[in-house]
Each structure stands twice: as C-alpha cells, then as structure tokens.
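These notes are about the structure you will find just below.
Note that the chains are named A, B, C and D in the order they appear, and that numbering of residues resets to 1 at the start of each chain.
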C-alpha cells in the first residue's frame, strides 16, 4: 500500500471531530497525525481515545510540522482565509470548511496563495457528495433529462439557530442559502448571472430585529439560459427539508427527503409515514466522508479537487448579490 | 323536487360540450334548454342526441328567451365580455369561461353590468374544484399548517399549443399562468401585491419569434406577508405536471400529480410507475362538473358564487403585472 | 349508427340501478328498455326520471318481450341460475351478477342452457375491468415480468356486513374471496389445482357463532406451476384494502390502493396521506361501466364475452374447495 | 469509563470480519482482543491493520484465554454447536451466528451448557435490529394496530447461491426462510403452532435436481390466533426484496424496501425510481452493529440477550416442520 496522506485537523469543534473520526474509520488512504484547538483541554480525551499522536493549541505548530501533508480547516469562519493563506505558504494541501470568507478581497488572497503554492484546495460543500443529489447530477450528465430548463431547490432548516448566532452569521444568504447557491451551480453546470431575492420575517420577529430574514425565495438566471428558484425557511415543523428538482427538455429528475425508515402506519386516522431526518449531520452523514475521501484522492492521484476555490468564491458572490437584491428590491446582475 | 335551473350554453366547442353533458348527466338541479353556436351545423347531431330542445346560431336568441335562467359563456375569449354584459342586461345568471377579458376597462364594464343587474356571476377557474387542490385548501382552512409562509405551484403543459394559437393567446401569463395566479390567490387567502417574472424561450424558438416565452418562474409577494413562486413550462416530456405545495408555520401540505393507475413495475431496469395524466380534460375531469354544480347551487340557494368577478379581474391584473415585470426586468407592484 | 342493443334490467337494487344509469350515460351502443323489480313501487320514480319506457314487477315480462336483446340479471343471488336458464331459453343475451349459483348442478344447467341457446353469457366479475388490475394484467401479457411465479392478492373489507347477511352469504369464500379467486385465475392465466385455507375469527365472535370466519389466508397451486396467496379480512380500520402483486422470472408488478387525493400533510406529528377509498362502489366505479361496455361489445361484434360461464363456475369450485380445506384442515385438490 | 468487554472472534470470514470492524469503530464498550481462523494466513494483514493483538489458528486458544470475556462464533455452521458448548464450559459469553445447528439434540445440548454455565447467549438474527423492522415492532408494541391478525413477510433474494452451496444448505427453509420464521415470531409476539408449505422449482431446475426448491409460500398459525404468510424466491430480478406487513384490529403497519437514493426520473418512458438495495450486507448494514451492541450491553448490564437460545431453537423447529409439510403435502403441527 502507498504511504498514507498525513492530515492535520485545525479546529476540533463538531465538524472537525466528524472529519477526524471519518478519516480514522473510513478513509484508509489517510491518517490524522495532529489536531489543534484553541480549547485544547476540551479535546484531549477525545483525541487520545482515537490514538492521535499530536494535540496542540496553536494551529501554527501543525503548519510547520514537516510530517503533515494536508490540513482540514475547521476553525471558526473568521479564521478560514488567514489560516488558508498560511497553510498554502507552508505547502500543505487544504480542505477548508465553507465559506472561505465573506470578504471578496480575502477570498482572492486565498486563491492567489493557493495558486502560487501549487497545493490542492477544496471547499467543504458536502452536499455535492450526498447520495441523492449526486445521483441527480449523474442522471443530468448522462443526458436523461436533456438540457436543464428549470432548477428548483427546497432547503428548510428544522429550527432557527440561536439569535446570537444569527447576529454574526452574515445573514441567511451567506449562512444558509450559500449551500443552495453552490448546489444550483453544480446542478445547472452553469454560472448564475442574475439574482432576485424575496425575503420575509415569518418565523421569529427577533430575526428581523437583528436585521436578517428567515423565509426567502430566490430566483436565478443562469448563463446557459436556464432559470432557477430556491426557497428557504429557518423552521420546518416536520424536520429538515432538503429536496431538489431539475426539469429539462427531455424530462425531470428530483430527489426527495431521506426518511429514517420506510415504515407506514395505516389506521382510521390516516396513512402515516416517517418525517424527514431532522438533523443535518444525520441527513448528510455519508457526504462528509465522501468529500474528504475525494480530497485525499485528489492529493494521492494529483487530480483537481471536486470543489475548487472558484466554487467557494462564486457561491459567496451569489450570496452577496442576493443580499443586495433584497436590500434594493430589484434583480442584481453578477 | 324544486324547479330545475334552465341553462343556455353559448358556444359549443370543446368546453361548451363538456359542460352541456355534465349538466345532463351529473347535475340534477339544472337542465340545458338551449345551445348556440356560430357553427350550428357542426353541433346539431350532438345536441339532438342529448335531447336539447333549442339549437340556435345566434346567442342573442338565448338571451331573449324568458325560459332561460342562466347562461354558460363558452364562446371565444374575445366575445366573453360583450356577451357577459348583454346577458347581465337580459337578467341571466352568468357562468363565464376564463378570462373575462384581457382589457381592464372591459372587465370593469362586465363587473358593473353584473352588479347593476344583480345576477350571479362566476368565472371558470375550474382548478379550485379539483379534488387534490380543494383538499389542500381545506387543510389550510382547518389550520393544519398554521399561517402560510411559502406557496409553490408547478404548472407545466405536456406540449405547447400551435404557434398560431400562441400568437393570439395574450402571452403565457394571461393564457396559461392565469390559472396559477388564481390558484395562488385561492391558496394564500390573500392578494398579490408584487410580481417578478423570469422568462425564457427554451422549448421552441418559434414561440420566441412571435414575442412570447415558454418557460417561466414567477415570484409573488402577498399582502399577508407570505411569498410564492410559480414555475411554468409549455412542454413536460412526461405529461401534464400540476403540483402545489403550501408551507406554513406548523407544517406543509402538498398535492402531487394524479396518475392513471397505481401500478408499479420492478425489473432489472428499475422501478417504474405511471406518468401523470396527459390531458387537462382527463386530469381535471371532475372539477368541470363541480364548478358548474356550485354555480347552480349559488343560484338555487341565492349564495355568492365561489369564483367571483373580482377573482376574474385580479388574476388578469397579476398577469399584466407579470408581463410588465418580464418586459422591464424588475419587480412590479400591483 | 347501428341499432342500439335493447337491454332489460332484472332486479333494480343497488347494482341494478348502477348498471342502468351507466348504460344511459356512458354506453351509447345500448339502451335500457325495461326494468323489473319485485318492489315495483320503490323504483318507479327513479326509472321514470331516467326515461325508461317499461317498468314491471315480473321479470318474465321482460323475457317474453321481443324488443329486448339482452338482460342484466341483478336480482338476489338465489334467483340467478333460474332466471339465467329462462333467459337463455328466451334467446336473450345474459349478463349475470356473480355468483351464478353456489350449487354446481344448477351452474351446470345454466351453462348447458346458454350453450344450447347460443346466447352470450357474462358473469359480473367487475374487478377484471379495474384500471389498476387491468394494467397489471396487460403488463404480464406484454411479458414484462416473464413467467409468473408468485401471485399475491390482498383483499380486505372496510367493515363486516350485518350478521343476518353473513348467515346466508354462503361463507366468506363464496361471498368475498370469490372475487379474489377469479382475480387469481385472471392474473395467473392458469387454473387452480389445489387450495389450502387458514381461517380465523378475529374481527367479531358473532361471525364465528354463525359458522363463518372473518380472517383468512388461502394458498393456491396453479396448473402452470405458479403458486399464490390471498389474504382476507372483513374489517380493515383504514378502509377498503385492495392490492395485488405478481412476481415473475423477470420482475414484479403490483397495484396499490386508489386514494381519494394525492394530498400529503407534513407536520410535527408525521407525514400523512389519504386513506384508501372506503366504499367498493367508489373504488371500482369505472369497472362497472367497462364490464357492461364489454358485454355490449361482445353482442354487437359477436365476440366471446370477457368473463365466461366457465369463469363463473371455476371461481365457485375454488370457493367450495377452500371451504372444504378449512373444514378438514388439509389442502384440497380441485 | 467501565472496563471494556474483551471479545474473541472465532472465524474471520465475511461476517466475522464485519463484526470485528463494527466493534472497533462503533462499539466503545467492547474491544476485539483475539481472532481465530483456520486459514490464519489469509487474515493476518487484515487483523494487523486493525491492531488486533492476538491472531490464532485454533479457536481453543481463545476459549482458554482468561483475558477474553465473550466470543462471537462466526465459523462454519457445522461447528456452531460444538464451539458454543466449549465456550459455555470455558465461561465465555456467546454470540452465535444463526443457526445454532440443524440437529435438535445438539441445539438442546448447547442450551443446557449455556444454562449450566450461566453465560449470556445470543443468536445472530440480525434482522430484528433493522431500523425498518424494529420500528414496525415498536408500533405494534405501542398498540397502534391493536391485536395482530395477519402477518406477511416477503423475502426474496437477488440471485440464488451457487449450486454447491444449495446442496449443503439444509434446504431453503433452514437456510433462507429461517430468518423469516424468526421475524414472524418476533412480529407476532407469539409462537407458531402449525405450518403449511407450498414450494416450487421455478428459478433454476438444478436447484430441483439437488432436492431443494427455489420458490415458496409458507402459511403459519400462531398460538395467539393470528395467521401469517411468508413468500420466498431465490431470484428477484430487481434486487433484494425484503418487506413486511402486520395487519391488526386497529390498522396495518408495513415496511417497504430501502432504496439507495430517493431519486425519481420522469421522462416520456415513465417515472423511474431506484431499485431496492441489492446486497444483504448493504441492506442490513446497521443491524449487524446493533445486534452486537445489544449483546455487549446485555453483558455489561447483566440483562437477558435480545435473541435467546430458545429463539434459535424455535426457528429451526419451524424450518423442520415446513420441510416436513412440503414433503408430505399437508399442514404440520409443531
């Protein structure tokens, strides 16, 4: 067997821990050699239990470790761009959680640093690797629906985040819809050239008070002539609602929600089936494994990563345009 | 049994014939006493077979017949408003196929004439009476989904009409989407206050050449704060695609397509179920009966008709706003 | 147009009325010229409303009427065989509601009389004409599932009949399962050669007290090597449960229940869809039209009827074998 | 944390490997301390990669190791009973793959040895732990369907095993249906008291030549009055077909197949969804983890195991009765 890719995980919060465990259990071509976290005490037991040899407070120690080939940047959003640049300069391949940054200049600096260093760079848009959405994309690529005409994405959270989080989230378009913007680009195989956003505060007035919205319909025009629409809500009473539909000249392909079981109960009161899986980590479990597997594969076989820096940039560009559209009440060209 | 409502049918094309037969077979409180058509020879055999006592060329003969209580106006669209006005003046209750007119002044004249005459007036938005959509509305009224937040309508035809028809159709928004605008008003229980239309010519370039579009996504803002989206295509390869979804504070209710059978075939090649019913008359069969039943009921029991002249007016207003939005590339307030 | 087939309806109970109305509204090649019922007063208004020229007490008046081409025998079960024989002798084509009789000698006498008279004879196994089951059969005939191996029929009533009816019903196998036996023969395209019946009284002990059962699983061996199973219950809390599945060498085809609407409600409490249609007349509406249409067509075009006297006989034979199997606790050969 | 349960895995074929990896990755309360296999060379690399400290040829070395608390017996079927007895005598808790044995005397000896030693004993009926079937059982226990009346199990393999395997398999009832017999007992919450088996050779004549069948319908009578039916085929062209349905006094609960994705493709050719998962390890993945988790939990918390020796015995008893029923062409009491 070839040498394993030696990975350092920067930031061992919820998603950092998941990636670490996934690499250990499911990705034989890689091993986690080091983990850093600003709260080192909080992760010691967990990391020791996994047999991780190096646990540090400062991510810079990972970057200067010559035995590390690649880093997974899972720290807080505001540190992504800075650490990405330093990691590139240190010659590490980079898997960076979304978003790279909300500031276009800083994203640009990251992309330049990555290009200069010649390292692999992948953004954590995990939904592209979801079994359902991947299959939709595959069927489109096989020509089953002909040319895409209409792209529809339904993306509704089971419950809004805490209001303190909403305040610093960058707004619904950059925090939540950004995944859908990436999905729209992925499914259409084209770039968005115009955005129009309708927004409302219908779930919780507090979200409005801090300047955000909680319900939205965003329409998109794509360069290839297709049109699209995303609808969002911060609160779907029945769970996490994640569906897509692509309609084309020869047909339509859609993916419905994943259900915990296929059980159906028929009684006098009706015919009842399961609600969608509630939690995003449960819904997208295997996509988190697959995205890192693909990242490792891109390193091992020197291939382009499946989600590039440009993908990271463009989804932010659409998000900023949607924000502007909502503020100005008009469609905005990119 | 009370006296039957005596009906005259004006215009015995496809829909006029359907209403006539429906009254005969399924509406015991009414009887068709007269039918008029400009092509009287073409309908004689059909009308005689149904035992209709009076078959005339000129609709005015129906209007001046004192034995007629109500008329169904099923003639060509450009005659709807003129005949409606005359029928009101003749004191006949009126069931008028959609649209009343595309000209707001003429619609206004109809509404005034109807009000002055004190006759019943109903517009032929049959989809409100569809078993699926009616049930969706009922569940909303029962409070099952709480306050509506997002209204989604998918409305795609199996094949575009002949290009000669497209030319005189008034454009996709007044010809096709008008049904969806009415459905949006019906489901939301509110009025549309802003429209934004995205359109494209993706099905057939000839449709573009005559100044129309064949693919559209239209977003709506409602007075009650809800938002909505309609997507249209003139050609769905798999049949007539008619679905709705209303998402609210407590849940979501949706109606999928009706299928000809529940049959499922599982083989090596996949698991295959039926395509949606292809033809609108087959899909909406029972709604055409129910709408006329309700019209007759409104007369018999002196109740408001379930689809008023204002409903006819407002859907045209939204259609005109959508047209303007598409032309000017911006949201348009009503 | 060719001369219409002139029909006499014998027995205007629930099913006789349905056939009469169906002929009037939906079968242009036939007309009901006479109706007989032992309770003539109870049907006068109804028959007059439909414009039926002749209403009589005694069915013999229909049989001797030279203007009647065909009769529909919808009287009580115990009169079916006697009237069939007389009708054959009178030279009338015969549509006989199921069962012909429970006595094999009398069925035999009917078949002989029909053969001698050379008239058409059809038994009212309407389910063969159901849209779902017809499509299943068509897919089998098209070879989509290869050779049938396993045939499964689920047939559960929404509620048991009154106990007075149960007493004289002939038992569940001849009263209820007989439809499923015919369906098994229809789907398999083969004859049953062995039956084994498991029965239980689980719905209502009173049914057991009068010597019947209310829950059953019946297995079948077919001459062509396939095997099959029917499950019955007199009471499904969620409605009328009518499903079939045919599994073969190349795949499987199934038909699920028909639902009143496609509506789905998703809330915190679950995802709820409609219950199956509750009432057999609502579930099988169009099959009652189609079976008579086919009967008329067989007369007009001098073709074999789609459900023959042998079909009527064989389903009774299977029912009697199932009864014996249950009584003796062993498989019974036919 | 409490001391981990130290496990020895006896037999590292397909299922032994799966259990070993599952313990390592998903069961924190246990650790695999030793693995034995008669082909020790074939597993060395695999075991070393997992960091298993002890790899031996002879299972007896595991049994006499005082540092082993429990064993998983995953060796060939003919060795299950012998090793179980020895393991019990060595004081090890035992998880034994199904079946314990096909010989009733030997099963009896195992149960006695286990009882005498006072060790935990669990049989590997993994399907009880499947997410779908577990939920069906839970809903029954919650009383949602009232008293069970009819239990239906569909269990069809995607392809028959090699003919060499069929020869020594003990026949379809002991090899394949045994899982369904256990499921029937689990779902009914009752014991089977009579079996009647219908069988046929429809998939492959070679299976008939070696004295087995490949298609079966088996009916069951339960002590609690319920009745049931299982249908089996060795070859379902569309994949692994695993469905259950339990019908009761208040309703019906069913579990359909798991699909790889929720994707639906609608084109002119039809509406196509995914086929069921093809391979049993893919279909039942998580059940293999859960069953061992429950076994470890029974040890840690000194609880009864969820699948007892009696469960192992009774399913074999039903299998033998089904065999006899088929041979003698009559129902067989247990």
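Please note the rule applied: a residue touches a chain if its C-beta (ideal position, glycine included) is under 8 Å from a C-beta of that chain, and two chains touch if they have at least 3 such contacts.
Treat the numbers as computed from the prediction; the structure is a model and nothing was measured.
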Chain pair showing more contacts of the two, A-D and B-D: A-D
Copies chain B and chain A - interface residue numbers shared by over half, same or different: same
Chain centre separation (chain A, chain B; CA means) in Å: 43
Geometric centre distance via CA averages, chain D-chain A, whole Å: 39
Centroid distance [mean C-alpha coordinates] between chain D and chain B, Å: 58
Touching two or more other chains - residues of chain B: 237-238, 250-252, 266-268, 274
Touch-based graph of the chains, sorted into line, ring, star, complete or other: complete
Chain D to chain C touching residues, read off their complex: 146-147, 149-150, 152, 156, 196, 198-200, 202-203, 215-217, 219, 221, 225-229, 231, 233, 235-238, 241, 247, 249-252, 329-331
Interface residues, chain C side, partner chain B - complex: 25, 131-132, 135-136, 139, 144-145, 250-258, 260-268
Complex contact set, residues of chain D against chain B: 237-238, 266-268, 270-275
